[in-house]
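One structure below.
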Amino acid sequence: MKFGGVMALGNVSTSVAEHSITAIIGPNGAGKTTLINVISGAIPQTKGKVRFQGRDVSGFAPHKAAEAGIARTFQNLRLFKHMSTLENVMVSRHIKTTSGFFSCALKLPSSRSDEKIIREKAIEFLDFVGLGDKANFDALSLPFGVQRHIEIARALALDPKVVLLDEPAGGLNPQETDGLATLIHKIRDKGITVVLIEHDMSLVMNISDSVVVLNYGQKIAEGTPEEIQRNQAVIEAYLGKETVH
Amino acid sequence: MGRANVTALIVFGIIILVLPFVLTSPYYLRVMNFAGIFSLVCIGLSLLLGYAGQISIGQAGFFAIGAYSSGILCAAFGQSAWVGLVVGLVVNSLVAFLVGIPTLKLRGHYLAMATLGIGEIIHIVALADTEELTRLIAWIGENAGYAPEAVSRVLQPYKALTGGPSGFGEIPTINIGSWVVSTPVEWFYFIWFVVFIAMLLSLNLIHSRIGRALRAIHGDEEAARAMGMNTLPLKLGIFVISACLASIAGSLYAHYVTFISPVTFSINESILFVVMVAVGGMMSVWGALVGTLIMTILPETLRVFQDYDILIYGLILLLIMMFMPDGVVGLVQSFFGRGREKTG
Amino acid sequence: MASISDILQYVFSGITIGAIYAMVGLGFTMVYNSTSIINFAQGEFVMLGGLLGVTCVGALKNMGMPAHLAIPVAFVFAVGATTLAGMLMEKVAIEPTSRLTVFHYGGIAAVVAWLSRVVLGLSIPVCVSATVVITAVLYLLLRRKTIHAMKNPTVLQLIIITIALSIMVRGIAMFTFGKDPYFMDHFVPEKAINVLGATVLPQTLLVVAVIILVVILVGLFFGLTLTGKAMQACAFNREIAKLMGINDRWMILLSFAMSAAVGAVAGYVVTPITLMEYDRGPMLALKGFGAAVLGGLGNGYGAVAAGFILGVLEALGAGLISSAYKDAISLIILLAVLFYKPTGLFGSAEAAKFKEF
Amino acid sequence: MKGRMILTILTALVFAAAMMMGAMAADKKPLKIGAIFSVTGKASWLGDPEKKTALMLVEEINKAGGVNGYPVEVLIEDDEGVEPKAVNATEKLISKENVLAIFGPSLSGPSMAIKPICEKAKIPLVSCAAAEAIVTPIEESHYVFKTPQLDSHVAVRILEQINKMGIKKIGLITDTLAFGQQGRKQLQKYAKEMGVEIVADETFGPADTDMTAQLKKIGSSGAGAVVGWTIVPAQSIIPKNMKQLGMKIPLFLSHGFGNPKYIQAAGEAAEGIIFPAGRLLVVDALPADNFQKKVLSSYKADYEKRYGPPVSTFGGHAYDAFSLIVNAMKAKKITPDMEVAKARELIRDGIEETKDWIGTAGRFNMSAKDHTGLDKDGSLELLFVEKGGKIIPLSQKK
């Protein structure tokens, strides 16, 4: 699996191995979220390609990208208003069902069975992220950390090949962050490739198989956590160059 | 669809059955009948506005298409009421589909203006009658090289379809098999049966994946698309459905009043439909029903105030909107401690 | 085939029609920017300006005041009164508040008094006591209660509130001014000016001049004064503006005052040409809405330009194609523009984003 | 949610008021007549004088001891010029109030909408609207009558005058309401028969404020006269616009111009306008021997005494309708104790038997064939606006 793209912000070309956890890090404004937006089709890219399992998915509309198996979460949570936790996750299962206006209005068997499957599946994913008990709460009424998990469940419910997590640890307390780490491992063990953007270095360093560092839209480094920690360019990017007179 | 709604539906059905025995005066029944016709339009609108979050100030246009299809086909071309009804549905679906594609890409006030414009254009065509249109078509035809007399012969029967501002009457009533729907009571049962079915189907729809999808679009369209949802077809679908409900209402209106003229389908009517939905409560199709009843019955009760009714009408509308943002139904639900998110 | 003078005449006609749309559109924009609602009572401001003006001019002339004095005096009166009406509306029904204010109790008192006196025809002492008692009771009941409905009202809620307000204003106008049309003499000699065989009335030119003046003044206000800049800040992002210590409520009130004033000015100057009656408002509101949207919501200049464009389109449509379909023609073009550019001619996507239903 | 409190209290007030109103309505057994006018809404300038007239007449009649010794009660409903409202009002009057007859509505649309209801309920309806369709075909208008002059008569009178003035080509400008379009059809029909060519055919919306575009078009079409057929206030803009355009050709208007306010509104531009209408507007100028002089001057005097000038011909339609019903009641000795259905039937017959009765619109001769009962010359006078905006019969023009 390969992501290569010339971004509006500059030149980023990287590839992500399947069943791996890849972290994309970099200072604010490095273009991390933009990268995710381009991959997931939220914003059309100007140049370059997004290739996914040997197939060119560049310029796909978001729903196409999702069908292709690219799921994402949002940095600033975007759960559906006035919907329960369960319903939020159920929405993602629509992609797997087909019953349309007609059969739904008439409650034809097809739509009933669809509904049943959607519900069961959604509950599975809620349990997977450990929110089985929160199914019937209004999603937006729940604490921040829980909402982050709902977003992840919602993304996983698409049965994606790759899931793009945009700062999943943002605003979480240490315990929640640990929970997140184990969850991300669980996801990887399900055979789903994980790409995450994160500022929480300790998290990044202890979970990810490889790390890509962006700065001003340029890839400045790529490698295992250990390599990255020793990489001069990265340190400069974060701490700034020591200027000697 | 949730126990609450099932019970509500049953109660609703029972009320329909017994009401004519309580309200014996044909006057009350007629008021109820109009309420029923309008509530069909409002149910459709509430699906569109309350669930999908897409406003339309053009529903009177679809209402008109339904009414005129039925009226014209039955009065002028002697077709059966059912033909008129079906043709109305087909035409409305087509129109809604075609204008929906570009229109539903718009948002907020721009969508409001676009739908308003569409409704008004339909109204103007009804008002100006087809005479000018046929003249235009004839002009095109002749320039395309057809013989003028041939063209005019073809167009002759279509010169005055809508009767312009004066409208036209002598629209026969509906008959189901041997049963001719004529008295206010018969109409009451017929109209409200249709409303009941409409409610049933709408509730089914809302509590299916489609309904959830629509609410997702309402909640956050970006996120919905990221979750693999192709939003435009969904919006289109619900837009067409709302147009179809308006169309059925229009056909019923035409056969019920047996006379139609453009005033009934003006912008004011479109706006009134939105008001009805908001007054009843956007968050639930029941709101559409309640809102329509209130806004149809209120003016009748205010008749005792003679000219002052307009002031009191405005005042009551003002108070409802100021103190019941979720409409009457929303208020009732807050009594029963049911939050907004669970309604519908 | 239409001659040059015909075309020119249509354009003049269009300018006459469009002038009023432009002013209503401008009024819309102001309220829209501060509240992101469409104020359907905007048309009523025009109607009030016109009718108040006519009656005032008439009264002054009867008192023996010469026209050249009466006209400006009446102007000030009409605009002032309408502005107050606009502010009152905002205070009673629009302003976000968690408690009922003195205005609400005032409103309640007025309504009770009116119901008991005019509608029920009770004797004056009874009305007075009834009013006092009911208002007092309500005050005691509600004084401490928070009213969430009014704390953060939704856009649609507010829009329908403005519809309700317009209904009431129209009703009051009907009782005050009656149902017949009002007319008044042109401010300037009614001597048509001939341009290449087409004619235009001096009053029309006056109206256009007034509009240009208003636009310039509004532009200066937003451009130069601190309040103006604050209003724009509110328009751009209410929350941030609040954090910056801008009193957003005052800004909303101001925007209503200004839009009411603009409407009244328009009504006053066009009445000699168009006549005025109590139920002119709604139609003007709709046309003005069209202008505001075509121009790109939030853009005052756009609204004014679009107003004239719509007017000219109507006139050309009537003259060249079919007077029966003239409104349809202008609407189709409006729709075409929206489909091509979803935020109107001069509108920006950002401005549109903030204002969802 | 304390707003609920306010709401409840106010609604309580409202309903209390409602009851009191109801109580006031209940009087000693009167003869009930229903009326439906567009008192508010688009056509209020039409419904308003009609309502005022009705109220005035009832008071007068009851002061004079009522009809057949019983007081008359008129229940006036407002249809706002909209059909559903008219239908509800009609049903209310018929089945809830049990009125013996209905007059109004002010507009053709509502009249057409309630016609089938009245036919079915077998209750006499005397419409105050102009459209001929209201009383045709006569077989389906057994219970329906109307008082305003026939459009066809008006059209013919105008075209006769146009022929007399030797004008061959005319341009039409009509409003997009039922009134204007009905007239337009009549003019098109008779113009052909009477050898007048229509070279321009323009319309304008009831709320339009500038017709120079349409008029310029007519002007360039080489028309020898402009014929305006409309009822909206905006019509007083037509002469102003013509003056602005410097159009010298004569302007004919329909009986819809019959409100002196319009003539004032048009100012000096109105000078020279010719329009056929009832004689109400020129009652003072009428010779003493004119058959309508008495009726008109008394109506005018009463109306203007009560509501102040000016009286408009529109109120006259209500005057005629109400009087037709009352006369029928007198003739048939209707009493409140009579069985309603029978009383309604008798009143209908009474109205149909009206012979040679003089109202504000002219001399009424109803018959089983004709439910308008007006003849074109008896009902219409060609009027002329002379310098200073005074209206005189064209015949008296110097």
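Letters A, B, C and D name the chains as they come in the text, with residue numbers starting at 1 for each one.
The criterion applied here is as follows: a residue touches a chain if its C-beta (ideal position, glycine included) is under 8 Å from a C-beta of that chain, and two chains touch if they have at least 3 such contacts.
Please read these numbers as outputs of a predicted model, since none were measured by experiment.
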So which chain is farthest from chain A, going by the mean of the CA atoms in each chain?
D
If you average the Cα atoms of each chain, whose average lands nearest the overall Cα average?
B
From the mean C-alpha coordinate of chain A to that of chain D, what's the distance rounded to whole Å?
73
The distance between the C-alpha centres of chain C and chain D, rounded to whole Å, is 34
Chain A to chain C, mean C-alpha position gap in Å, rounds to 49
Counting only residues that touch at least 2 other chains, which ones in chain C make the list?
111, 119, 147, 149-150, 174, 324, 327
By residue number and range, which residues of chain B touch two or more other chains?
127-129, 305, 307, 310, 312, 315, 322-324
Per the touch rule above, enumerate the chain pairs that touch, sorted by label.
A-B, B-C, B-D, C-D
Mind pulling up the chain D residues that touch chain B in the complex?
1, 3-4, 6-7, 10-11, 14, 17-18, 21-22, 39-40, 42, 76-78, 81-85, 87-89, 91-92, 94-96, 108-109, 112-113, 115-116, 131, 133, 176-178, 180-182, 203
In the complex, the residues of chain B that touch chain A are 201-202, 204-205, 208-213, 215-216, 218-220, 222-231, 237-238, 241, 283, 339-342
Which positions of chain B touch chain C when the two form their complex?
53, 55, 102-103, 105-110, 112-114, 116-118, 120-121, 124-125, 127-129, 132, 136, 267-268, 271, 274-275, 278-279, 282, 305, 307-308, 310-315, 317-318, 321-325
Listed in rising order, chain C residues that touch chain D in their complex are 2-3, 6, 9-10, 12-14, 16-17, 20, 108, 111-112, 115, 119-120, 134, 138, 141-142, 145, 147-150, 174, 178-181, 183, 185, 192, 194, 198-201, 270, 273-275, 277, 279-280, 283, 315-316, 318-319, 323-324, 327
In the complex, go through chain D and note every residue touching chain C.
1-3, 5-6, 9-10, 13-14, 16-17, 20, 40-42, 44-45, 48, 176, 202-205, 207-214, 216-217, 220, 233-234, 236-237, 243-246, 259, 261-262, 264-265, 267
